[in-house]
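Input: a single structure, listed below in structure tokens.
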Amino acid sequence: MVGSPVLFVAIPLLAAFLIPLMGMIWKEFVRIIPGLVLAYMLVLSVSLIIYIQSHGTIVEVISGWGPPVGINLVFSPFSGALTTLMTFLGLLVWLYSHKFKRNVDYEPAKKYFILLMLMVTGSVGMVLTGDLFNMFVFIEIVSISGYGLTSFFVRRDSAEAAFKFLLMGAFASSFLLIGIMIIYTQLGTLNMAEIAQRMPQMDYHMKVFSLIFILVAIGVEAETFPLNGWAPDVYTQAPGPISAAMSGIVVKAAVYANIRIIYTMYDLQGAYEYLLIIGLITFIVAETAALKQERLKRMLAYSSIGQMGLAMIAFGIGTKEGVYAALFLMFSHAIIKSLLFFSGSYLVYNKTSKYIKHVNGMGKYLPITAFLFTLGAFAIIGLPPFMGFWSKLALLSAAADSNLVILVAVILVVSIVEAVYYLRVVNRIFFFKKRANTKPEKPTINAMIAMLSLAAIVLVIGFYPDLVTGLIERAADDLMDKGRYIGEILSKN
Amino acid sequence: MEKYLDILEIAIYGSAVALILIGLYGALTKKSLIKIVLGLSIMDSGIHLMMIALGYLKGGTAPIFSKGFENSADQMVDPIPQALVLTAIVIGFGVTAVALSLVIRLYRHHDTLRIDEIKNLKW
Amino acid sequence: MKKYIVLGLLAVLGYYLMSIFLLVDFGLPHFAHGVKDVYLSSSKNILKVSNAVTAIVVNFRGFDTLGEVTVLFLSATAMSGILYKKRHDIGERSILFPASSIIRSGAKMLFPSITLLGIYVFIHGHLSPGGGFQGGTIIATGFLLMLLTYQNYSVSHNRLVWVESVAGMLFVIIGLAGYFMKGSFLENVLPVGELNDLFSGGVIGIIYVLVGFKVAAELIGIIYTILHEKG
Amino acid sequence: MNVIFLILILFLVGAIVTAFAGKWSSLLQDGLFILAVTIPAVLFFTQVEMNQLVGWTRGGIHLELGLTPFSYFFAILVLLLGVASAIYSVGFMHGKARKSYYYFNYLLTIMAMLGILFSRDFISFFVFWEIMTWASYLMVVMNGTRTQEIGIKYFVFSAIGAYAMLMAIVLIHAQTGNFLIQDFIDTYPSLAHGRQILIPILLLVGFSVKAAVMPLHVWAPGSYAYSPMSFTSVFSGALSKMGIYGMVIVFVTLLSHLPEGGLIRDIIAWMGAMTAVIATLWAIAQDDARKLLAYSSVGQLGYIVIAVAIGTPMAMLAGLFMAFMHGLFKGALFMVVGAVEKQTGTTDFTKVTGLIRKMPWTFLTALISIIALAGIPPLGGFIGKWMLYESLILSDHYLLVIVAFFSSTAAFLYAYKFLFGFFLGQEEEEWADVKEAPITMLIPMLALAVGSILLGAFPQLILKPINNGLISLGFSDSYGKLWETSTLFNEWGDKVVLQPIIYAIMGVFLTTLAFTYFRNRKRTRYVSTKDISTSGEIPLAHENLTFKENFFQPFLRAVEPVMKKQIDWYYREFGAGLEAIFNFTRRIYSGNGQTYALYAVIFLIVLLLLNGNLFGQ
Amino acid sequence: MEILQYIFGGIITFLLAFVVGMTFGGTRRKIIARIQNRYGPPIYQNFIDAFKLFSKTSAVHHGAMHYMGPAFLMVSSVVSLMFIPILRDGGWFPNLNFHGDLIFLLYMMVFGSLGMALGAGQTGNPNSAIGVTRGLAQMVGYEIPWIMALVAMMIQFHTTSITGLMDVQLQSGTWNLFASPFAFVAAILASLGMFRYAPFNIVGAPAELASGPASENGGKYLFTMMSSHSVFAFVKLTLFADLFLGGAGNLVELLIKTFLLYMIPVLYGVVNPRYRTEQAVRWFWGWPTVFGIIAIAYAVWST
């Protein structure tokens, strides 16, 4: 055993409590320790992923009480793959913001890095936990650190965005509590595996009501359509790396929660259709809203929402191919959208308004950044031979295999809209004259490394997708096999 | 006794739902940011009340094995909702604190507390 | 207009909520094989903790409590981040009018007893109703009283940081000790003692004390941050 | 490593190396660029074996590459134009901005086209197709003028096509379980009837976009006109033929099994005919050489589409032969425009006149290519047209003959306009010191022109590979029946003997020329075009009397009703409408946090109201 | 030897065409003059003009295309001539007709216009270019009924060869004029434009354009143009005779038939005012095209 899933939570918390003390010794510690912790988490998750290849899913028991009595953490191929992705992105976000301009002040830097680290931890916890209420706690950890990070920049309208986020988040947590309590009163347990096992005994109406409350609650974090009003504002106003972390880490965790609940806990067929319909609406509304945006990050935000809608559609197909496609989409979207947020924030660096027109002519002044943005744009449109193509292909062929011809057509038509708004920006970067009052800002070396490594992944996976498809396929198998999940956890008792 | 229990049921659940609805009403219609935050708190209270009520056992005692109650486990109310409520209260407190600090920031920035005037970010 | 729409919506929502809750029989056991019975019996027989709620909060679902503490820590951090200003921008504490002498002397008298009550509550968390959160809050109330009464009363920021950091770290370290010694995070590593004894329940009491300190420190920090906001 | 991979990788590596070589030396970059095209071309013609399959796997999908005789024919066109235009590009891009960018995308485009021809499965086909699309998109926007309009339009239509194709591909995968083209062709007859119709139509939409068939052609004029001329010769000459390539395969292998196949073919043929007519009319109305040629390309592609859609053996031969010829002469013509642009800085007919004495070789290329374009014997263009008309009449498509002939005749108008606009008319002071284009630009141009002449006399040079390709697709051997060395037959036994015609034409031409030229040689002198007898007055040196505004106004007035609105206009209105709707959708995000919360509550209540219906048991 | 025979035959054919075309042209001038109540020039006036032009020497030229233009024109006329059977059995006028067909001829016939246009273009005279554009536009107009008539014939008789069409008429014993009357009407109406006599003479209208494409040309250039026009007129008339009137067994028959055909455009022109270009184009796309469509329908129906 190389480590334990519980360290994903314990070590960052220890570090978080330690940082204020270490900061009194040497101020640089507040920047270095989170990086070390995130790096450790990445190493840990990679080694655990390798471990479970041969030894099977790890079910970690906490405080000595096996499920369903105690809380447990599950490191399965599915949650493990997501954990690896999240910790990797977390590390890159840390790297990108290591020398972030505002962080010269000690106090904000401390806050920023603690919140960032705990946001990643919370997301990882959401993915790993096997207990419903524990998931609620982790969702709150993620949300509160999200509020703090969103309003990090004092001069922008960031507080407004954070307040909207908070309002929605508060509603969501209330609804989630109601949903959890309905389940508890019916089944008397909070362990997800046991809930899943005993779900058939539950009264049908209670089942539906609890699912509705939980879906609405998690839908807020997962950016499903009518609940995602906060998302564009938050993405626009949060610091660039935080936007990347939001779309790459937090939302992924929320979608995970959504999927775990629908696929594993409940046995309602209609829930898949719900995912399909809501995902489709989210996708269409977000992509069409993105078309006429004037601010770069807001446009990226809508695109991000749209991509998550796509992932939900893929989950809603309900077959193994669909799950495979959805996981692939989540993976590629996390990587590509982070690349876009990273490079996009430098393209509109100096302006707080972040209008798209500020990128005019930046191709000449920031050639590498502009190139990386273009790469990301091409990849997210789904042009081969970049990474986005393979995931889109997987989605479409999964839909076609399930005979959803209309769905394929709609997705493709809306994808054209997506291509249009991305290419408009790319054209501006390279072929428009620079506006007189914009000053290009060269990326720091750390940011450059982060962006280049993301771009390398986009290219390498694009040319050789086999690097990740095996992993994703195992994860999809894992998710589809509900009986094994229940058995593995409850046998630990 | 049975009759009173029915009344009690309606009274407790009714007040929990009423709190939730009052909180929602406040959060959805009041213009002042402070009142919205208050609404959220009220809604939380309603939910906490509901949670506790759901764990109630007819004629039950507190789930504490103090002297004389060592063997009355069957008579104890469900302790789990109480534990959950504890967590939920703390989390609700944390959210409220952050919300209030955001309200302060917004007031600093916009010089107003009316939520319909704070719409710099839209579309 | 909006009000009426909202009212209509809430009427529907209320109808559904009520119908959900009325499906749950009030005051009757709702389910057959819940974990509740395991908790009660284990708390009495294995952990020797008389307050089952404490046993759940600190041991069975101790992980939640760790998260809870983290949430508090986060909201304190987030608050100070949100309200952060450069040093010269920080204003004076806003007090509308000075407290009267009755209040001042009363506060001085009440403060030690409030603190003592708080300490009692979290030390006896595993025996009687109460615990770390409750006790910490009571202590913070005492400090709030002092801060409101005395314009010049101040708490050392560094000391608060120390208390909360060390308390939090010890919590995690105790958890890790369980992990390394017994193979499971937060598992009890100390002898459990006898039911209804002060020194019973192993690490549960210790953790609750730590939580008490941490909660107190954080709440004081939060109050302090808001008090320093210009009116 | 297999040579097919080697060729593709050489292109890719060449593209990257060439793009970066510009940092050190411009000359090195030019040299590397030409090598990066020619070495794979040589490898292709010497090393690649026919019908040899190479399998590989990506993302768990089995892929295959290989060369068939049919794709071999297209590869000839691609590599011929690719090499010629590459040499030309070196001259054309000399001293221009974004040279590395140009070279990179150029090589990628050529690679992608070869990749398409090599692909034996749908995924590699699609991958290369999209690489081709975005690489050429980057070329279209390269000049930086009207990128948001022309470039986006090109990309949107390409995306419509590509996504239609992708939809067909995933539907195919749902039917066969893999992506191999051959497997699909084998299982096609046993599919459900709905799929049997849907899949070919989707594929045809995909290919029609690149082949610029009528309702999907609106991207073409702008894109051809605004990409660099040296690339446009490949773009219009070879890249658009990829659409034809795909269409032929769909027609031959799929639609022949379908009862409705004939109807679909006729519809496509009529769309091609409409394209030919409308594009020709618009070409006549243009005042810019680039746009004129762009519309002309669309029109010429219309003929090719007619021919391949009719699909008799002779029509196929005609269509593919015309495709090849179009590559030659349109490639050369775009190069001519490029040369004029390079030397004068403009391509506007109303600005440039009288270059014939300044740029004689360019004019010669233009003349030969225009004659080939107009389909006038004895050049190669005629042979394609002849076969087209014969096959149309033989297959009872009488009205199509009329339409095709009309647009072919109308093509004379713009053909004349092109020659007159640049080269004839009065010589102007402004262009007095214009020089002939550099030698690197002249050689490829003249080579392509010579190709046009050669194919007029010896069409078998290219008809033979076409025939081999068609046999490999399952056609009967029409080689012996339809043509022998320099003789063309139709099925009624009528024939055209090419060589005596050429001798006759040359003989008469030279005799007359001798008659007019030699007797006068001693005593005639050249006088400038200012020395004319218009109204008895001699125009001053700075006066330009060349007739250039409203060139074909009378004719355009005659056809006015057809040209009132461009199809483009409908698309623009449609697009504007869509954008307005989308602009409305984003108003959902009103900016008021409370409203968002209200949405959440409404959503919750709607779900609660729907409960049983949504989550059925 | 055969080649020499061809060349010799070609020269003889050319001379015949030249003489006939010139004479017809002179006749036309005379007829028009008489109708307009003038005396008019003698019938041989065209020969006098040609001889005058031939013996003049040109002092200037405007560049290569300038003298290649008339050569193109000549190529078009002569090669077309060589592909048309003058008499049914060849005889003195050997040619290449068994090699060619109607489609080839169609393209060969427009080749001249384009060459001429190029030559006119290089002179730099705006009137030439204006004339050329009008001419080309008009050509697009009349080609429609013309190709319709030809396609109708091809459909009806299953051949695209001129000799083939003549054989058909010989075998059935009836002229195509009667076998496919609508095609004949369409073709004749198209021929009005082909001859460019009034009312379709806007191309070279002397009063407006200083004789259009031909301006700036004098001396031998004009001679070449004039003679090729004459030859071309003969080519067209012979083609019509071959296609619709069963060809000619001997020279006299040929001359009668061609003269009768020639009178149609001449006489039509006399009584009509000049059309503007777009009017002309629209005119051709009116009734002549309708006849063409009827001809095709008739052909499809009758096979």
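Note that the chains are named A, B, C, D and E in the order they appear, and that numbering of residues resets to 1 at the start of each chain.
Following the convention adopted for this analysis, a residue touches a chain if its C-beta (ideal position, glycine included) is under 8 Å from a C-beta of that chain, and two chains touch if they have at least 3 such contacts.
Predicted model, so just to flag it, every value in this text is computed and none were measured.
Among the remaining chains, none touches subunit D as well as subunit E. The most distant chain from subunit D, with centres taken as the mean of CA atoms, is C. Each chain gets a centre from the mean of its Cα atoms; the one farthest from the centre of subunit B is E.
Per-pair tallies of C-beta contacts place D-E first. With centres set at the average Cα position, the gap from subunit B to subunit C is 16 Å.
Separating the centre of subunit C from that of subunit E, both taken as means of CA atoms, is a distance of 107 Å.
Taking each chain's centre as the average of its CA atoms, subunit B and subunit E sit 100 Å apart.
Computed centre separation for the pair subunit B/subunit D is 69 angstrom, with centres defined by C-alpha atoms. In subunit E, no residue reaches two or more other chains under the touch definition. Contact with two or more other chains is made by residues 586, 589, 591, 593-594, 597-598, 601-602, 604, 608 of subunit D. Touching two or more other chains at once are residues 6, 10, 13, 16-17, 24, 30, 34-36, 39, 61, 64, 67-68, 71, 74-75, 78-79, 82 of subunit C. Contacting chain pairs in the structure are A-B, A-C, A-D, B-C, B-D, C-D, D-E.
Of all residues in subunit D, only 354, 356-357, 360, 367, 371, 374-377, 382, 385-386, 389-390, 393, 398-399, 401-402, 405-406, 409-410, 412-413, 415-416, 419-420, 424-427, 490, 492, 494-497, 500-501, 504-505, 507-509, 512-513, 515-517, 519-520, 523-535, 545-547, 551-552, 554-555, 557-559 touch subunit E in the complex they form. By the touch criterion stated above, subunit A contacts subunit B in their complex at residues 133, 137, 140, 143-144, 147-148, 151, 154, 157, 159-164, 166-167, 169-171, 173-174, 177-178, 180-181, 184-185, 190, 232-233, 236-237, 289, 293. Interface residues of subunit C facing subunit D in the complex, by the touch rule stated above, are 6, 9-10, 12-13, 16. If you check the complex, the residues on subunit B that touch subunit A are 20, 27, 33, 36, 40, 43-44, 47, 50-51, 54, 80-81, 84, 87-88, 91-92, 94-95, 98-99, 102-103, 105-106, 109-110, 118-121, 123.
The part of subunit D that touches subunit B in the complex is made up of residues 586-587, 589-594, 597-598, 601.
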